[in-house]
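Can you read through this structure? Questions will come right after.
Letters are used for the chains, namely A, B, C and D, taken in the order the chains are written, and counting of residues starts over at 1 for each.
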Amino acid sequence: MCYDLGVIEGKPHDECGVFGIFDVNNYDVSSITYYGLYALQHRGQESAGIAVSNGGAIIYHKDMGLVNEVFNSHMLEHLKGSIAIGHVRYSTTGASLRENAQPMVARYMKGQLAIAHNGNLVNAGELRTELEKQGTLFQTSIDSEVIANMLAREFILDRPIEKSIEELSNKLKGSYALLVMTNDKLIGMRDPHGFRPLSIAKLGDSYILASETCAIDAIGAEFVRDVQPGEIVVLDKEGITSIQISVKVNQSMCVFEYIYFARPDSIMNGLSVYESRKMAGRTLAMESPVDADLVVGVPDSGLSAAIGYSEQSGIPFDQGLMKNRYTGRTFIQPEQAKREIGVRIKLNAMKSVIEGKKIILVEDSIVRGTTIRWIINILKQAGAKEIHMRVGSPPYKYPCHFGIDVPSSKQLVASTKEVEEIREIIGSDSLAYLSKEGLLETVKQTGCGFCTACFDKCYPVEVPEEGDKMKFEKCARC
Amino acid sequence: MCYDLGVIEGKPHDECGVFGIFDVNNYDVSSITYYGLYALQHRGQESAGIAVSNGGAIIYHKDMGLVNEVFNSHMLEHLKGSIAIGHVRYSTTGASLRENAQPMVARYMKGQLAIAHNGNLVNAGELRTELEKQGTLFQTSIDSEVIANMLAREFILDRPIEKSIEELSNKLKGSYALLVMTNDKLIGMRDPHGFRPLSIAKLGDSYILASETCAIDAIGAEFVRDVQPGEIVVLDKEGITSIQISVKVNQSMCVFEYIYFARPDSIMNGLSVYESRKMAGRTLAMESPVDADLVVGVPDSGLSAAIGYSEQSGIPFDQGLMKNRYTGRTFIQPEQAKREIGVRIKLNAMKSVIEGKKIILVEDSIVRGTTIRWIINILKQAGAKEIHMRVGSPPYKYPCHFGIDVPSSKQLVASTKEVEEIREIIGSDSLAYLSKEGLLETVKQTGCGFCTACFDKCYPVEVPEEGDKMKFEKCARC
Amino acid sequence: MCYDLGVIEGKPHDECGVFGIFDVNNYDVSSITYYGLYALQHRGQESAGIAVSNGGAIIYHKDMGLVNEVFNSHMLEHLKGSIAIGHVRYSTTGASLRENAQPMVARYMKGQLAIAHNGNLVNAGELRTELEKQGTLFQTSIDSEVIANMLAREFILDRPIEKSIEELSNKLKGSYALLVMTNDKLIGMRDPHGFRPLSIAKLGDSYILASETCAIDAIGAEFVRDVQPGEIVVLDKEGITSIQISVKVNQSMCVFEYIYFARPDSIMNGLSVYESRKMAGRTLAMESPVDADLVVGVPDSGLSAAIGYSEQSGIPFDQGLMKNRYTGRTFIQPEQAKREIGVRIKLNAMKSVIEGKKIILVEDSIVRGTTIRWIINILKQAGAKEIHMRVGSPPYKYPCHFGIDVPSSKQLVASTKEVEEIREIIGSDSLAYLSKEGLLETVKQTGCGFCTACFDKCYPVEVPEEGDKMKFEKCARC
Amino acid sequence: MCYDLGVIEGKPHDECGVFGIFDVNNYDVSSITYYGLYALQHRGQESAGIAVSNGGAIIYHKDMGLVNEVFNSHMLEHLKGSIAIGHVRYSTTGASLRENAQPMVARYMKGQLAIAHNGNLVNAGELRTELEKQGTLFQTSIDSEVIANMLAREFILDRPIEKSIEELSNKLKGSYALLVMTNDKLIGMRDPHGFRPLSIAKLGDSYILASETCAIDAIGAEFVRDVQPGEIVVLDKEGITSIQISVKVNQSMCVFEYIYFARPDSIMNGLSVYESRKMAGRTLAMESPVDADLVVGVPDSGLSAAIGYSEQSGIPFDQGLMKNRYTGRTFIQPEQAKREIGVRIKLNAMKSVIEGKKIILVEDSIVRGTTIRWIINILKQAGAKEIHMRVGSPPYKYPCHFGIDVPSSKQLVASTKEVEEIREIIGSDSLAYLSKEGLLETVKQTGCGFCTACFDKCYPVEVPEEGDKMKFEKCARC
């Protein structure tokens, strides 16, 4: 068994990060995209790719691996051009194929196009079937290939590209923060619900599109604004053009971006992700206070909320768990996996900090419960007197259909267990979750609507029955 | 610069070899295909791939490199199934992309299909344009993707697969020895002209399709017969079915398969390739006799004709040139490339054999003339008194449009130079080519018609103007 | 240029971590050593190696790279045995050779031996010269080869192995936490000054030796005690034997292990590294208070001291800088290196936290000053009103000769500049270092003596002039 | 199982090839050495290495693999200098370790030295033991490390390097064609018996030393003369100096160099290897004539003798077996190994040539008999009427102790079987070997003495009992 220990096992995985640049300053677009993707690495560790248009042709490189494994300086030097898009991807194991790496690049009647997609179409299967009925082939199992085919069919009609993109958006259901590169344009679009984030920035006079502002900061660019739900942004030599799709739906930004996925140093809808997490901790402290000596966060995901809890409660924050900084892919032997070695080589309990103490342990969310059970176990072994578990989000009960890879419902501990049962399973002395109201309070200042389906099953878009998703992913590759 | 010295520089390259098996004996189909491709390695050294159908799904592995570089035992073990097709490929540098490796595997409305193609469609651009007009995307620059798209469009119609294949064959112009694998069938077909070879064999009760009989011998199978020009062979659980396409054209098998491409131990149309080459040598001896001490063949391509020349003329054959057995990919520094090091590290002159002798030097063909000039030079340096060049085929003057990668006309020395000029360029004391009549005599017993367009410009199918071919290969990859 | 961004540039590097196990429980010794090294990865990222004795023979694997890059499950399965030692290494670039990876394994008259060494011999050159005069060859440029040769010369004498080791220790000058494995024994030793740490633990009935207790925790073993300065510990089938070298010198443990090198979750001499760092922060708050809104630590090195500073001063601690969790080896183009991109892609300023605030920025130490200058710059760009730099150790002025790789004196900013000058260079509003007295206070409870030569030039052992060290490292390898 | 099919299984393997250059013309010494080794690849396919001295330091690169796998242009560019030595190696499986690759490079009192050795010391164990008694360590299991240690011990004495080398040669027993490179000299030496070949050449004013003249031809250099048995050649800025070791023994050049090891295009002792092989064929025709239709050689090893046999007997030579040109490392599944697939994918019978014919099949030697049995089998399957096996050397009965890796006596078919028994095993209609007298006749014109111990057990140097050789090779590496 081979685990990437950079991510705590059992956590949901965001499926993608995207980055694009339309350059008018003779920047080295592939290097900039490389650093941008490097900053978005937390959004996908399975594959990485960059496609570049030099006006005449689109060239690209993509492969399985982390950004710094897939690219070297030699490759970037070959990727010369004035427009670039990049992609990092996480995916379910079954479809973890080299073919599925993005950007997807294809040739159609009027030239080439490249697509980088973050999100998940709930009607991908339907759209695919429709295309297949017309004789379309599919060489991958990614939604982007469906989108590319639909785009090509729009683009061959004699109407403005913006119109085509708008037509496309009327057909796509689900979540998409999408970058499309043609030979001479860079187009960004967010689905009308705005599930996934996408921001605009400027570097000199050149425009940048990126999943998160941390990528904008990394390359030293200046944040301009978020792409709006249902907005199409077209970047070309004429500058920037914005089109608002007429479809009117309620915004339903993924609230889990704030809870866990996004980097804390990113800002979405004007709200610092870090501040929202601290606020979650503070609200949690108000909703579920407990008498204790110390607030400890699970590194790194629970630290922000722990600091917030500490600030609100006045109970000191300290580092009761220490993380090994070197936690890339490693393997664990089956018999060891059963024991807590997977946690031990990643986290260590700080005996001097926690011995004899009543601990408030803060984590952003609990998915399967396995990891947190192990963590509580090593804290107890190290002498913690009491452990009061506090979770910065409501019980995670339902699968996501909008771009997040979560275990099936069966594996979500909260889908079948009550809070008290979960407490027993994980072995803490108390357990409290943030209320949904409390959660929404943390993101209230954004003025946005949010998707909270993983907590309340209120899917903003009709979704297929569980199990359907895997259907067209059978085309495996050894 | 990096050269594959296994092939003498400047030789035309065959673009592909194909191998397929429909197994009913529980053989290990991927291993058998591996050994089959290994025997066909001379037909393509750039990429290799195997796709296997286990009834439910088609899985595959393909990559750049030689068969034994692309596959290891671990991979073959994963490629379990009862039908397999494999492919080795050579291609022009411009389109030397990982994406272009075959077999091409895709999903369409009714399942999956995999395609392995040897040949070249002269109307690929046209067909592609037609498909593009309907919104079709292309992710590679290979003809096989065009074929796959056309197949999918036929297959979705409600008619027998054989009918679909026949319809397809009416639309394809050019050369194709084609293997198509669906989830439960293996189909082989040769274009009506029969440009490229394809043979049927049996291993136990299982059927094999292979570009050359040497692959059949390598796996210990029994040759059954050649697939006929314009024949479609369908292998499935019912056994073997043959369909003859109604289109009637004259057969025009590629004569260069006999001259150079095929392995000498292969048998095509009932004629041993080796015997045809020896016959070329014998005919050459009759057409262009010369007084000399020794017949020397350029290893390995000219050896068979040299032995034939010796037999006919009574002048002794000997190994006047010795080849380094280890000549994989290597690199040569630019300044050294100018000198004859490329030849020297591959071939050495046998001073003791040739010193003071009048040599008849036999080669199968001359393309650019560069390599043979160097060879003659090292023979003279080693003390050859006279060198009489004899070539086992007519002057190579025109490009091939049916699956062979040759330099452009400009680089074909015979396209602009007369024989005497070429003799001067290569530095031999005399030079004679086999006549076209003599050549056709060597393959007469097959009873086939042949394409000799590279010698006489008589293309059996209308071909595009030179330069057109490259048009849709711009989509490069670093 | 290729940087490992896991470590902030310009930081001193510890040269090694060692781990060993003498197994009597049929554990999988190579896997245990793998996890042990994984926990010690912070002590060396250049090469990794494991040697295993199965009684009859010592087998090993070592290579350049991180522990999880050098080993896979296949390799570990081959490394079967009952004794194992492992090593991770950092080194100066000049000697960054595959040959220099450890453990060093060699055959001598009575069998084999393997050596894993953390530290630096100040008389290595001298000892090497002496050996060379007797005709000894050296195939690497590491001290361990000198030690191995001396050991072999001791071992061939007819006296107990313990006596030999003691003799050896009389000749070695400098720092060494050393593991020696023979075919049937595992020996650990610390130099009489005890520069580098080494601890003993038990896993079941099997003994473990490890550079730090974090490795003991990672494998779930139980800490027994530290190896004492000048102590030799011999593990074999008879159990554990301890020998105290008679040489009497003052203990001089490297204080930088507490300041920066060791993982915060390790315990040395009974003192938690984390607690010592927090104490440094507290002392700093007392020595150099300042009126401010927020205490921010440079992640991860300055966090512990920042928390301590916050506790003492009552000024809130917050995460004003966020670190990219994915910071493996990457490359930076020369022109970008000049700008702050190296810092930007690793750290981001938290605008929402710091904007308009007076910041106390805490770091464990300042070496060149370049990185901290960039960090202060991005904090100011993000709106920090004032930045008061506080450093958890005294000014770093002198090179280390005991196993730490530091820039030459010229590059140590404090070696030539006064505090006020440094403040100007780094651009902070104030700057204060922890006093040496304050530092010693943080480790006082250990009761140990410490080496503080990097601050006060009081080398506990006579050291060569600067520049000498590189002399025998000229044997480079491409 | 993974076989290198470039060499017929069961053939003895030469253990090494060496190449060196002392440059005074500003050639690119590493590239020249690369091409030289490329030409010597047949002498060792396991590892390759090049060491270069730039006056100040010796740098090197070596690894497991073929020359073109171990080196690329980037590496060669880094290996700048004015002296270079290179090595290719074959070895027994047990010691097939990266550490054992040559050249061996080490530092000793007066500088560095690099050693490339072809041959085998029969007293290596003894010399090693003696050195070990003095405390010497060994990090590899190759003789070269013994030689390097002895050299270092000589070099530290205050006498001319030539004297030291001479002293060394008095102590070494067995075979060695040895290149030693110091910081400013290149030394070549052959053992007094002259077992292994070594030639001198000039390229411009620069001197070359190479195992075979084919390497000299490959780089376009001019052959000067062979190094004499017992001669030491020192190349430095003063030019070339020759020293003849006083030890007087009878020359005993390895006759198998002529029979199989050397490339046919090499010239040794003034005799073309190819001519000696043809002469073997001719003599065989005289000694063991047989009425037949065709002479067929086993490619490539039996071709030369087959041509000789044909010339002498007047029976036509033809290519009855065809070899796959692409036969690098491949793997064969255990169950397939039992069948003749190992032969089939390498060789194919030419049915059209041999059907119904009485064949004289010529091979250079028979070692285990397994491969030839399979070859005879496929020839019979292809319709050969009779097969008369003729072997160009006497029955191979005894192991080699001078640098050739042969199967143990037990596996040598002729060590326990009579000719008639062997004929039955291999399945031919008749079988005849060349007589020892006949063999010596083929090399008579060289005027040399020869070692024929593998045929007659007359070892020119006392050798250890079988089995001893493996003793110090236990230090394995996974």
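The rule we apply is simple: a contact is a pair of C-beta atoms (placed from the backbone, for glycine too) under 8 Å apart; a residue touches a chain by one contact, two chains touch by 3 or more.
Everything quoted here is computed from the prediction, not taken from an experiment.
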In the contact graph of chains, the distance from chain A to chain D in steps is 2
For chain B and chain C, the contact-path distance works out to 2
Taking each chain's centre as the mean of its CA atoms, the one lying farthest from the centre of chain A is chain D
Counting C-beta pairs in contact for A-C and for C-D, the higher total belongs to A-C
Whole-Å distance, C-alpha centre of chain C to that of chain D, is 49
Note: chain C sits from chain A at a C-alpha centroid distance in Å of 36
Residue numbers in chain B touching two or more further chains are none
Among line, ring, star, complete and other, the chain touch graph is ring
Every chain pair meeting the touch definition is listed as A-B, A-C, B-D, C-D
Chain C contacts chain A in the complex at 6, 28, 31, 35, 38-39, 41-42, 45, 66-68, 72-73, 214, 217-220, 263-265, 267, 272, 274-275, 300, 303-304, 307, 311, 316-319, 322, 324-326, 328-331, 333, 336, 339-341, 344-345, 348-353
Interface with chain A, chain B side, in the complex: residues 56-61, 75, 78-79, 104-109, 112, 129, 132-139, 141, 145, 148-149, 152-153, 156, 472, 474-478
